[in-house]
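One chain, subunit A, links the two complexes that follow: it is found with subunit B in the first and with subunit C in the second.
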Partner chain A sequence: MKFNSAAGSFSRRDFVRAAALATAYGFSLEPARAAVRELKISRTTQTHSVCPYCAVGCSVIIHTLGDKARNIQPTVVHIEGDPESPVNRGTLCSKGISLKEFVVNERRLTRPLYRAPGASEWTAISWDEAFEKMARRMKDTRDRTFEEKDSQGRTVNRLTSVALIGGCTDTNEINYLLGKFRFALGILSYENQSRL
Partner chain B sequence: MKQTVAKLIDTTLCIGCKACEVACQEWNDQEFSQGVFHNSYQTMPDLAAHFWNLIKFHEVEKPAGPVWLMAKYQCMHCADAGCLRACPAPGAIIQRENGIIDFVEENCIGCGYCITGCPFDVPRLSPRTNKVYKCSLCSDRVAVGLSPACIKACPTSCLTFGSRADLKFLAEKRAEELRAEGFSAAGVYDGPGVGGTNVLYVLKYADEPELYGLPKDPKIPWTVRLWKGPLKWVGNTIFFGGILAAIVHYLKVGPKEAHEDD
Partner chain C sequence: MTNGWTDVSNADVILVMGGNPAENHPVGFRFVMEARRRRKAKLVCVDPRFTRTAAVSDCYVPMRAGTDIAFLGGLIHYILENKLWLDEYVKQHTNAPFLVKEGFGFSEGHFTGWDESQGGYDRSSWQYELDTSGHVRVDPTLEHPRSVFQLLRQHYSRYTPDAVANIVGCTKEEFLRAAALIASTGKPDRTGTILYALGWTQHSHAVQLIRAAAILQLLLGNIGMPGGGVNAQRGHANIQGSTDMGAWNMLPGYLKLPRANQLTLQDYLKANTPRALRPNAWNYWSNTPKFMVSLLKAYYGQNATAQNEFGYQNLPKTGENENWGWAYFFDRMSRGELEGLISFGMNPVANGPNTAKMLAALAKLKWLIVVENFETETASFWKARKLGDKFYTGFASPAQIQTECFLLPAACFAEKDGSFVNSSRWVQWKRAALPPPGDAKTDQEIISRLLLDLKSLYQKEGGRGAKPLLEMSWDYANPAHPSLDEVAREINGRHLSSRQQLKASSELQEDGSTMCGNWIYCGSWTEEGNQMARRGQEDPTGLGLYPNWAWSWPANRRILYNRASADREGKPWDARRAPLRWDGSQWSGDTPDYKGDASPESLGAFIMLPEGVAKLYAADFLEGPFPEHYEPAESPVKNPLHQEVSTNPLAPVFHGEFDRLGEAKDFPYVAITYRLTEHFHYWTKHVASGSELQTNFFVEVPEELAREKGIRAGDRVRVRSARGFVEGPALVTKRIRPLRVEGRTVYQIGIPIHWGFVGRVRGPLVNNLTPSVFDPNSGTPEYKGFLVNLEKA
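Moving on, here comes the complex of A and B:
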């Protein structure tokens, strides 16, 4: 029996001879042993984002496994600093570098919880229910405490019982809407997390 | 010949933020373990099988007042590695061309000899898997041109990654700066006694590396050197000599014959 290859013919006898030689001298396992560990971000999708913790606003790269196919649930496998950001130039602090735990965490809240006045337990409610409850309370509070005129009779149209707080990672669009919302309700007190 | 890679730790710039610790834990997907408070800002009292990078907080009294010395504690990636010398399992601990001392979990037999061989007391045996773990200098990241996770995270540029020759130059320059600033004992620590380590330190008090928890003159234990050096050859000679003697005996005297009266 003969095998023809690009290198020429290689008979069965040659193969046996080579195999015997190789066995006698032993195969070198060194290349296999020196194989590099698999890089866990070699097949990930990179998404650029901003760290949600403090006001410095470091940029991060989120590495996600999964190709966005309909039946695939993508998973965050790694988050690290974005070297292109002039803010952090790829570095992150001990809190920011642990952002993966922020996303992939069994203790993470994924639905609204409600604790009724006086109750000791939280109960899961639907998003619609949560929005409804929040809107109701907001409306009731505003109706009850809205001041049209101050003690000297001047028109003020203010709502001092409600305050608004923003976060450093809120986008321009969110801040624009928050601003409109604030003026619409007459809220005076507002604070931003970046000043804390 | 590939360039030897190294890590430079400028202890004078460390603010003890521990970003490198968390980066290491995150990149290597280490398991969580709950600790207890030890009256120190240190995350853990010591390295562990699933905790390869620890910032040690040393409070030291100096004539000028107390000083807080922070030192990153991890595998030193020695040129002449004690763990590698002591390891009896082929391929469990390997020295890569770029100088990284890496471990391959599958090949580890959990004997723990590397722990004896290490002059810096770094490898740790996991009681769960019964295998030894330590810092790999993120060999997977380095292989594709990324810097190790700890170095990328460091916000004060206390950590630098590069070729050993470059970093040695940088370290000497920094030590000179420190000496000019009045720290007359400032210098570079690169693990004398083990052929140089690929983790370099810039220390304010280089004459007393013990203050930072670094051995002044790290040495591979003589027992390991003897056992893996001369004793190994003695053992091999006796073993193969015995086989040879048996063959020679068989050829000269022949097989052992049973006597009739047995």
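Moving on, here comes the complex of A and C:
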């Protein structure tokens, strides 16, 4: 078992053993339960993450299988609250506890889609073709509408015909990169979910 | 939040207003329950609905949506009339003693300086009275008639318990019961906290509402205290972080976007670097030149030199009175003035106001790029007529919509590393657990490829605006796929000569020798490594600060304004709740919101403000120095305080085809929108368990109104506003009590969000109903308190 963490690791087996010992002298079912639980996740890789829903910021542990074998796509087998977090202390709400269904979900988008003007359905498109088309559209728009100077002759270097909006689970680093992207293009109309 | 989730358990009184944490922040709500259990804390809940939070409160007050300022103004009045403020705190830590120039006043709904033709204020009469050295004159006794304290007393003299009850719709007794509990914290050894959410921000007067809360907490001495503060619960995983990183009018770290009249970097710095208003004000924003030049070095790298103003001319500039924010660019889009929209994980058709306007606006674009985990209403807006059933029969068919659309599959949270900032300002690092499915890519790959492809087109072909594009640095080990570790290190910043990571923002320089992507994140990734990934669970103060868990901006400070937790000599107001201690030479405990070795008397406690103290009176807001009650843009009554100026005179109003406002004679009921615990926003309609637990859209109708209309539980009803309609089964409830306002009965209707025309479960978009009305400072739409009619479908 490996633990993906910047700050050390722990063994789940140690944790389970300690819990089992603590109740070994009573008529507790805990050792039996622990054994079942150990089987379910004993071979998983565990990764520290944070719930993407509300802003309480509950830490979660994502259990994945299949990442040690070649030619196999790893998959999430379990997501649980991180008992070390001072915020959630291992707990999650009804949404957080079903996060696995969000990640492993047949409705997830897995390839780029394109809809031509006037078309009534999406069609598949390769990444290369999509990037080529998008760069061309952005350049055409920018060449047509970029303003170096305003009506008073002051340097403004701006593009007001394009807006950029960011979502609520964009990380700080992505938001920062979106800022650089925005200023490279000259976009003024830039907003994100925090506005609403 | 000024404080944090774990700190809520330090409170004696908890006011939940404009939020419903038991339902929407259930894990955070445990700290409320802990405070009740351990400290016998009292929970006061003020809400239009008897929510799950109300159900476990000690005191519930029903209210009419959009009257929060009246309620808070009433509390301010109650505290001043009954002499319940914390006097020493108010004198030492607020601008109560400051004098305002002669001529300031308020009458009939307007502050002085109102200019009807401009639709705005000349703010000159709101300014402080200065002495010859440029410092504000003060009266430490607070007795001067032009002192902020006396002006505050005068302004809120109208907010009597009777006036409050008449506007809010509760009884006077209900108001007084809540007031007594809340005001009981105006003592050194008692603290009260406030938890709010979108019930406070989604109004046409939202920013002033939150200022009213700040005034209340300052009078009671609750700012800077453990168990105190003004705390936004925030509804999404990283909207705090995205705010920190900029908005249309902001650069990272709350630096302002340059205006066109700031022709040079010097002009910009002069306009945006404040001057201290009192001799003891540290005025930390005086470091603006260091923050700005270091940011320009991060943006333009080698291309930023002292000779070329560090690339300042490359930044886009806004006109002095222009607004390019959400409300305005969607309005311009609806008039065909935009060509393209790029959305990284946002769904404006579902979550923006006035869905018909959103759809019409997108149909005017030449191209649309959406980067998403799932298909959304925005990506597939051109299918709205088909998928949206009867709701969009007036909308164009796909054949008529000429927008070219790209829907790009993106990694979800589990497949990405990087940091999220929770409501407590804790910046928590997460690691990618697995690769994205199929051909999906990470955000950084998509952004980089878009930018690099565009750069290479300009290099080959030239074109307009090539210089700002080509000079933006993208100096990563693999520019097509930057590691977020690299990006996070850039955000923290470094010394350019030694390449050492910065330890703190105090190391920043204005000569171009440091670079830093966001000065408030200085210290998040130092030479000691990634501080955001720390997992220490120690709590040395016992106050729930957890200084070694993740990292908190700024400077790993857990309670903002914590210097105000102690008196003039540095003695804590409450020895059991002291985040800071002064030992005669330095402060210990939390990271001080103060100079670490400065004596208690030497500086004002509010180091970010030019006043050096907190502002009860703030001349820098659009609508006036004191929050005033204005009715929502659509209201069942005229403002009882000033009928002629009923709504916020500064709230943006649009006059397009889709911007209809309704009147009470046609739309007699007040509507509010809200979340349910089983769902997250517009995402979990793609997830099986949430969809199974809450399958159907519904409308919450008060029992008395249902009886009047002959509606029984489960009957299908139609709710209509001036913009559109929704339909669903009625949930007839006792939870929304009819209110008495201005001598008549006002009914309120509750409508949950979460459904749309794309998903495992589908239902009407609640924003079919909501108006394009916004707060003038923050640009937040008015989702709480708009008018509707109700009928059996």
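Going forward, the second predicted complex is superposed on the first by the 117 of 196 C-alpha atoms of A that agree within 3 Å, B and C clash if a C-alpha of one lies under 4 Å from a C-alpha of the other, contacts with A are read in each partner's own complex, and residues count from 1 in each chain.
The working rule: contacts are C-beta pairs under 8 Å (C-beta built on N, C-alpha and C of every residue); 3 or more make two chains touch, one makes a residue touch a chain.
What you see is a predicted model; the values in this text were computed from it and never measured.
After overlaying the two complexes on the shared chain, residue contacts for A:78 are found with subunit B alone; subunit C is out of touch.
Touch criterion met: A:42 reaches subunit B, while subunit C stays clear of it. By the document's definition of touching, both partners, subunit B and subunit C, reach A:91.
Looking at the shared chain after the overlay, A:179 reaches subunit C, while subunit B stays out of its contact range. Using the contact criterion defined above for the overlaid structures, shared-chain residue A:168 touches subunit C, although it does not reach subunit B.
Set side by side, subunit B and subunit C differ in how many residues of subunit A they touch, and the one touching more is C. Annotation: subunit A residues 79, 88, 91-96, 98, 101 touch subunit B in one complex and subunit C in the other. Taken in their complex, subunit A has these residues touching subunit C: 4-8, 45, 47-59, 62, 64, 67, 73-76, 79, 84-88, 91-96, 98-99, 101-103, 105, 107-120, 122, 125, 127, 130-139, 141-146, 148, 150, 152, 154-181, 183-196. Residue ranges on subunit A touching subunit B, taken from their complex, read 29, 33-34, 36-40, 42, 78-81, 88, 90-98, 100-101. Of all the residues in subunit B, the ones that touch subunit A in their complex are 17-19, 21-23, 25-27, 29, 90-91, 94, 96, 102, 104, 107, 136, 139-141, 143-144, 149, 152-155.
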